[in-house]
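Below you'll find the structures, each written out as structure tokens.
Two complexes come next, and they have one chain in common, chain A, joined by chain B in the first and chain C in the second.
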Partner chain A sequence: MSITVENVNYTYGKGSPFEKKALEDISFTIEDGDFIGLIGHTGSGKSTMIQLLNGLIKPDSGKVIVNDFDLTNPKTDMKKVRSTVGIVFQYPEYQLFEETVYKDIAYGPGNLGKSKDEISEIIHEILPLVGLSDDILDKSPFELSGGQKRRVAIAGVLAMQPSVLILDEPTAGLDPAGRNDILSCIKNLHDKKQVTVILVSHSMEDVANTVNKIMVISDSHLFAFDTVAKVFSNSEKLKSIGLNVPQVTRVVNHLKQKGIVLPGDIYTVEAAVEAIKEYVKGGEKC
Partner chain B sequence: MIEVKDLVYSYVSDTGDNEEVLKNINLKINKGEFVAILGHNGSGKSTFAKHLNAIHLPLGGKVYIDGIDTSDTEKLWDIRSKVGMVFQNPDNQIVASIVEEDVAFAPENLAIDPAEIRKRVDEALETVGMSEYKNHAPHMLSGGQKQRVAIAGIIAMKPDIIVMDEPTAMLDPIGRREVIKTIEDLNQKYGITIVLITHNMDEAVKAQRVVVIDGGQIKVDDTPRNVFKNVELIKSIGLDVPQVTMLAYELRKVGFDIRDDVLTVDECTEEIYKLCQ
Partner chain C sequence: MLKDITLGQFFPLDSPIHKLDPRLKIMFTLAFIVLVFFADSIPGYLAVMLFLGITVKLSKIKFRIVLKSAKPLLFIIIFTSIINLFFTGGENVVFQWKFLKITETGIVNAVNMALRLLFLVMGSSLLTYTTSPIMLTDGIERLLSPFAKIGLPAHELAMMMTIALRFIPTLLEETEKIIMAQKARGADFESGNIFKKAKALIPVLVPLFISSFRRADELATAMECRCYRGGKNRTSMKQLKICGIDWVALAVMIVFTACIVLIDIFNLNIMGY
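== the complex of A and B ==
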């Protein structure tokens, strides 16, 4: 059970004057349970990438295989694919539409043919995972705060019980506290429900604090796909495509240029504090 | 100059209750200042911003722009041409199908002479670095470019003050850099007073002054350096500090002798370098 993408190409507006290559010869494998940060500039092809992963669009050539479903095979049951791979789009709260929070979350599983009892069970299981309580269920989704609306929208996708969850900039427009809430809720989902997560983000700091692996798409190509440490260790290469590493990693790199080499891979505040403690202690011993 | 005196404002909620959003705000912003306003979602900061060009009128207290009372309805156009507003979503602010026509929209409405409009549009596009796109269609531009066109549309009115409500929230890192650079230029080269509402602490660091609004009141009003060194206070009101400030704070907590008001990567590097000697 995994996601395999093989030699995928995708072009928008083929044959028209606006023809634009969005993805070129992309290949990778995502293992079950991976927690991936997907990074790339606007127009790099990352949105095209996530749409390929649940069959909203089909590649011009190459293969996309999700949990044994070959999405390029016209006989594949797309309904099953869409319940396997859930996408939370940017500003998902704009997609809320029902009279009550309950009905809104129930919409997806209802369309997948779940019974009323099953749906009720699913909703009550999901709510605490996204940090919401039962008393919200009878409210109109439109009277909630921005952060709550977003959690309801995420719950609506989770209610389809996907084994792969893709979130496109889930923290955009939220304040720092709201951002931390959503990120820890996603982390919680990954850890407790063993869901494979792909998190699209522009914030290197957020990515460094949450994911295990980073995928970088640049100019329609797969630029890097590796552990957080490996991707951030090459800050010059990232800079060359206009991306940056977290502030603490920049500090560590500057120190290295000045002859101070801190131990280990450092991209979070906690790791930096530990490394500096160790370095200073080591110095005293000498 | 902006002068806010005892400003009070409330909304009526769905259940009919009066929700007080701004409680007695007093603030003076001088000509040429660059002020960042921080606050979590629902703190009242956008409601505050909308008082600065009379989109909202005070329910209590007064707001004066260069001495003009914003609640004087006869002076509405004076206020709107002195104070320009830029909002979060660039797509909601673009009205024309050609970049230069979009920039000309506001001065046309102010019934300015066509030759003067031509001049202002060219200058405004030059200022935001978008001259080469003047004949492009705005919807084909990137987010950062669209937002700069929106800013050019405001500059063409020649305002003294520009209020920006999270202008970079929907942009990618390159777009953010472009817009922040433009904002700094407008302030430093052209002397325009900037009020920047943001959730991004690295942007707030670039301002001369940071005002933190919480629960409809001003909690802190100081230089970025003095504001962000209060890590615990800032965190307690649901905000954040730059990652390097956090690092310095954590290092102090475990006993290192390091400055508590570190704001940039370079300062932080310098401080840790001293520790490791």
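== the complex of A and C ==
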């Protein structure tokens, strides 16, 4: 059970004067339980990529296979695909529409034909995962705060119990506390429920702190797909496509240039603090 | 899919028709509509057709596109023609079957109606095809400004139109996004009967309404912040001025009007009404 993408091409507005290539000859395999960070510039093809993964759009050529579902085959049951791959779009709170939070979360599983009891069970299981309490269920989603709305929206997708969860910039427009909350929720989910997660982000820090593999898309091509350490080890190459390594890695690289000996792969603040502490201690001993 | 809708679409080309003053263009379009109803004979229609053809040619917009503008109204055109065809009284019955009968006058009326509607739609869509929304609302504002004295909020009406036009593409994009998001949550917009389909649209319409209200609110605040106070003492950056080409167009329009009126009078004389 995994996601396989083979030689996928996708062009917007084919045949019209507004034709634009969005993806060119993309191939990769995502294993079950992976936690992947998808990075790239605005307009690089990230959004197109994630829409392909649950069949919202079909590739012009190439294959997309998710857990034995061939998404390019017109006979595939799309409802099953959508319950397998959940997408949380950018600013998902704008898709809330029901009178109560409960009803809104129940919309997805209801569409999948789940019974009332099942839905109720699912909702009570999911709420703590996204850090919400039960008393919110009878409120209108429109009277909640921004961060709460977003959690409700994420819960709405989780309620479909997908085995692959794709989040498109889930932290956009949130304050630092809200961001950390959402990120730790996602991490929690990945660790506890063994869900495969694809996190689209602009923030190298968010990605470095949470994921274990990074996919870089640049100018509609797959630029890199490797472990966090390997992708961030080549800062020059990332810079050449206008991206960068996390700030803390830049600081560490500067320190190294000044002759301070630190271990090779540091891309989180915690790791940097530890390494520098070690270095300082070592210095005192001498 | 939704992006294919051409509603008041503007084709930015460089042509004499594009360069015309929007006020004149609006007036000409109104005159054209009136004239289309004046012309009710074959020579009259030929004159209208010729005029429309030359205008389209000058505007550099493909004839096919102008013709396509009538497509949304095709149903109405066919419907009115059929009504006219079957339910016009008259002497010379051409065809009769039970209560349905087609008379000569009926056929003439049906053809008349279809041609008029077709010309009407094509003529007025040529206006929006060759005039940018900004120019169009500018023109409307200036044309309505004399009525401001009797309390008509000309500027406000024009501003409302500008904003509405400005938000059409934005809202379409938004709709597409919401449809995608709800589809990802297992929404099904295709299957089921008409009631089921209508009900399936609720998860799209509610968020769309909410976001339009939010946008309206934000826009109002942004306008307030820039001290927008309506039309009083407001000048425009682009002054509309009648120049050489507009005079030519005016002359052509007068000649065309004269032609139609003459054909009409002449026609009446022949028919001996």
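Just so we're on the same page, the second predicted complex is superposed on the first by the 277 of 286 C-alpha atoms of A that agree within 3 Å, B and C clash if a C-alpha of one lies under 4 Å from a C-alpha of the other, contacts with A are read in each partner's own complex, and residues count from 1 in each chain.
The rule we apply is simple: a residue touches a chain if its C-beta (ideal position, glycine included) is under 8 Å from a C-beta of that chain, and two chains touch if they have at least 3 such contacts.
Keep in mind the model is a prediction, meaning the values are calculated, not measured.
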In the overlay, work out which of chain B or chain C sits against more residues of chain A. B
With both complexes superposed on chain A, which partner does A:His202 reach: first (chain B), second (chain C), both or neither? first
First (chain B), second (chain C), both or neither: which does A:Ile276 touch? first
Which holds for A:Pro141: it touches chain B only (first), chain C only (second), both, or neither? neither
Once the shared chain is lined up, is A:Gly37 touching chain B (first), chain C (second), both, or neither of them? neither
Partner chain in contact with A:Pro176 - chain B first, chain C second, else both or neither: first
Which holds for A:Val251: it touches chain B only (first), chain C only (second), both, or neither? first
The intersection of the chain A residues contacting chain B with those contacting chain C is none
In their complex, what parts of chain C are in touch with chain A? 177-178, 180-188, 202-203, 206-207, 210-211
In the complex formed with chain B, which residues of chain A make contact? 41-43, 143, 145-147, 172-178, 202, 205, 242-244, 246-248, 250-251, 254-255, 258, 260, 269-270, 272-273, 276-277, 279-280, 283
Looking at the complex, which residues from chain A come into contact with chain C? 51, 54, 56, 79, 82-83, 86-87, 89, 92, 94-97, 107-108, 111-112, 142, 156-157, 160
Could you please specify the touching residues of chain B with respect to chain A in the complex? 14, 39-42, 88, 142-143, 166, 169-175, 199, 201, 238-240, 242-244, 246-247, 250-251, 254, 256, 265-266, 268-269, 272-273, 275-276
